[in-house]
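Starting off with a structure, shown below.
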Amino acid sequence: MTTTRIIEIECQRFNPQTDSEPHFQSYQVPFSEEMSVLQGLQYIKDHLDGSLTFRWSCRMAICGSCGSMVNGVPQLSCHTFLRDYFPDKVRIEPLNHFPVLRDLAIDQTDFLAKLESVKPYLIPDTEKTPAQGTYLQTPQQMDEYYQYSECINCLLCYAACPQYGLNKEFTGPAALALLHRYNADSRDAGSAERMEVINGENGVWGCTLVSYCSEVCPKGVDPARAINQNKINSTKDYFLRFLQPRGGK
Amino acid sequence: MPAPNLLNRYTRPMEGWWRRNPFYLWYMLREASCVFIIAYALVLLCGLYRLSQGEAAFNGWLAALATPRSIAFHGITAMMVLYHAWTWFKVMPKTLPFIHIGGKRMPDAAIVTSGLAAAVVLSALLFVLVWSGRS
Amino acid sequence: MIRRSNKPVFWSLFGAGGMVSALIGPMLVFVTGIAVPLGFLLPHDALRYERMLALAHNPAGKLALAVVISLFLFHGCHRFYHCLHDFGIHVTAGMKAACHGFAAAGTALAVYLLLVIGF
Amino acid sequence: MQVIQADVVIVGGGGAGLRAAIAAAERDPSLRIALVSKVVPMRSHTVAAEGGAAGVVRGDDSLENHFDDTVSGGDWLCEQDVVDYFVAHCTDELVQLERWGCPWSRKEDGHINVRFFGGMKVQRTWFAADKSGFHILHTLFQTSLRLPSISRYDEFFCADLMVEDGKVRGVLAIEITTGEFFLFEAPAVVMATGGAGRIYRQNTNAGIVTGEGMGMAYRHGVALRDMEFMQWHPTALPGTGILITEGCRGEGGILVNKDGYRYLQDYGLGPLDPWPRPKAMELGPRDRLSQAFWHEQQKGRTIDTPKGQVVHLDLRHLGRKKILERLPLITEVAKTFMGVDPVVSPIPVCPAVHYTMGGIQTNVRCETSLSGLYAAGECSSVGIHGANRLGSNSLVEIIVFGRVAGDSAAQHARTVTASHGDSIRRQAEASAQHLLSLLGQETGERVATLRDAMRDSMESGVGIYRKQDAMQATCETLAELRTRYRGGVRLDDRNRAFNTEWLTAIELGYMLEVAEALAHSALQRRESRGAHFRLDGYEERDDERFLAHSIAHFRGDGPPLIDYAPVTITRSAPRTRTYGGAGKKAEMT
């Protein structure tokens, strides 16, 4: 067995029934080489303090449950390893910019509403039945949108985005990336419907290209790109409507 | 214990957010470059005004440019505009749709490099243009 | 119905200014603010009166001067009010208008001066 | 307690639950559909499925082939009429997903690409890189947003079923954020709560795969069928149990022991060449591969690592380009969690619990024995997996039978008149009081203590290979753990708001019962079939006595009652299951 070392994990605690402000609590956690921050939290929950609250599920960086601020950086705790922080302590806080429900669990309802607002589903030209078979789509056509379809909705990008922190009305990186994912899909004909979201003050125009969202994305989605290329689309749409008043429909 | 109907929510305040992460500091520095770009545009505007007033006035403007304070200001401005230029090209790929050349997606690094190359070429041209007018 | 933002107009100007300043900004500042005043790499008289006047008389020169001054202002002013927002200052419609108005006024002044200078 | 009136309640927001919700909403837009899930739908475990979903598309394939692969893969314990329905509807459902936007991997000409999976004669697996489950789940979730009649109750922990006069009347759930109880009254309930892999220690499952959906139905008298059949996935990462998809082997990856020897050829899966080749060597069925690992370990030919015995999954001969293009997730997972780059070194792997073949017994319409209760997906036993599930059948099961369950429930909801809920509310109050009493316990053991004891006992008694004594010991341990659980668990957390420790304690109660149903079903099946393999004199399949489904009935605090039900056999009589060269011969004769 690898030797067991002890690392200090400092967690932000907040109990909505008794606290008005959060505080920090430290735990001494034995860890081995391959232990993730999540496994450290699980150790605390199982052996030291069953009241520590955090979300997790797949522990392989695909379900998007376990995002938190690890030493100030938005990370998936299952995909962040204690070995990389030892011998210093690890400080774990809930994701920035979201209301905290309890300890490390944040309120994600605002994101879910925003996701819904961008119509993140295929809006086909004409509805067809499965009997008519699949659409044709070449790998190159897929390449136009595929990376944006890889978003796991982990919300690290929202925690990275100061514009979302400053203005909660901003639609935000992941939702706008998904909007673009459908707009860029050759099978979709719903761009005109989604243009309204893009064009609004809180659509792509809420972004100032800080681009930290793309930096922290664990799946290489690059939401900043999805948003900013749509600034050009929105601009075209703005001016073209003067040329063809019914254009785009 | 009864289920609480109204729960506290805690939202971390945004005060001083840009100090929380070096990435944000660099971003704020980039945004701050705008002040220097505005100031420089005003310097040019001032020069244009002096130019419209005649040779003596224009020479006064030129003399003001040579003061240590002005040199210091332009030194800082040059650095800030240079930083602006660097960040501008670095994020340029994010503002563009995917560009396909011969069925292959153009890598972001190539877009950044072409932007920087264009800046270098145009800057060299500008320099030569000014240099060629020496008497 | 979500209200359409008028950002496309100002963002276009911001983008154009950002691009011009990124392409030639550093060199321009270096030439006019450092090299010529110090006589470093370039002679003192590279920006002499007659030459600048000729530039301002020339239609292409006029255009270049107007574009540089105007776009730099629009670029900077647009970013400036975003900066205020980033610092947590609530940016009202009036403040936005003031920023854009400032850039527009600078542009108008530049155009006026170029016309005064004549052809 | 808040009361919500609905027409159909769907418990579970994974692939099956979402497909059921969409089906019900499309069938009748006037129905009020409540989708109750303990996590936000896109966190569901469907998200982690990697390989793909089976659907016949190639000219050289046929429904008959898919039927044969499924039935023989299941060691003839499949309901053949259900398998017929299943294979006939797979492709349509996969096409439907494509029409909803699922980014299936494509060929250059724009058509869907398919790949090999274990136990398959012909390439039949639709895949979306190696994130098939992820894309299916997100496509279904996002599509469900189009349908206004689906009301989502995200992060509502379903804690009990409400039953009256032999009819299901709704569910009791806890709103996790506040800890408040919600009674969902509805004439139709669909269970789509997933498997129970977390009753084992070493497993590929997400933390939420705790089987309480099965447990709820079971406690209310619905039988659990074929529970002894747990599937071990032959290739998981040691320690964490993180899954390394069968797609790796479908693409041509090989398994070697510590001598670099492709040991599968010693277990009736050879010969080596040509490779890759359907239903042979590394593309044999999962039970055979996991068993072969066990034998290698007995012979001392596995590789000893700090995290246990492993063999090597070698992809290097595929080359960097193919590895990165076809298996990007695996590349990343191996690098992060093992520090191994599959392009330059083999990946250490070992078997881990992967899939619960058994579950809530249903018919082909997903109806259970309890009127108004339906089940679909891994929590159900609709009858297509038999004794061993064929890879790629589960992702397509959730959409084929998710849809059936949604349709059936919607139809049922339309025909049943709503009844007044006074007695149901009293029942819900009583159930809520019982759950709340868990919060107040002053004495007792930690949840983790009981949970870990259960997991260790499952590993030792009902693992890949099984023996009478060990199974008996596990049954006794589980009975004892149930007693200790009733004696009380003591929680550190006494709050109502977002108390995950409390929810884990509730889950554990159900898990112990499901584990007991599994262990007893295994103990009483005195033969070896599919994933259930005994080493105590019952090494052969015994069609005389055990060509039958085991049926576990809940018996209160005592052990379950196990009886048997016949298997529906329409046209494929049991044969010897053969793979590799022997399989070729058997097919020719």
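Just so it is clear, A, B, C and D label the chains in written order, and each chain counts residues from 1 on its own.
Please note the rule applied: contacts are C-beta pairs under 8 Å (C-beta built on N, C-alpha and C of every residue); 3 or more make two chains touch, one makes a residue touch a chain.
Since the structure is predicted, the reported quantities are computational estimates derived from the model, not experimental observations.
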The larger set of C-beta contacts, choosing between B-D and A-D, lies at A-D
Of all chains shown, smallest offset between own Cα centre and global Cα centre goes to A
Note: chain B sits from chain A at a C-alpha centroid distance in Å of 29
Rounded to the nearest Å, the gap separating the Cα centres of chain B and chain D is 56
Rounded to the nearest Å, the gap between Cα centres of chain C and chain D is 64
By the touch definition above, chain B meets two or more other chains at residues 1, 4, 7, 14, 18, 31
Multi-chain touching residues of chain D, meaning two or more other chains, are 177, 495-497
Two or more other chains are touched by the chain A residues 16-17, 101, 107, 162, 166, 208, 231
Seen from chain C, its contact residues with chain B in the complex are 17-19, 21-34, 36-38, 42-43, 45-49, 51-53, 56, 65, 68-69, 72-73, 75-80, 82-83, 86, 88, 106, 109-110, 113-114, 116-117
Listed in rising order, chain A residues that touch chain B in their complex are 14, 16-17, 19-22, 72-73, 96-101, 107, 140, 143-144, 162, 165-166, 208-212, 214-215, 222, 224-225, 228-229, 231-232
Listed in rising order, the residues of chain D that touch chain A in the complex are 39-40, 42-45, 47-48, 92-93, 95-96, 98-101, 103-104, 106-112, 131, 134-135, 138, 142-143, 145-146, 154, 177, 206-208, 239-240, 242-243, 306-307, 329, 332-333, 336-339, 446-448, 491-493, 495-501
Residue positions on chain B within touch of chain A in the complex are 1, 4, 7-12, 14, 17-18, 20-21, 23-24, 27, 31, 91, 93-98, 100, 103, 105
The residues of chain B that touch chain D in their complex are 1-5, 7
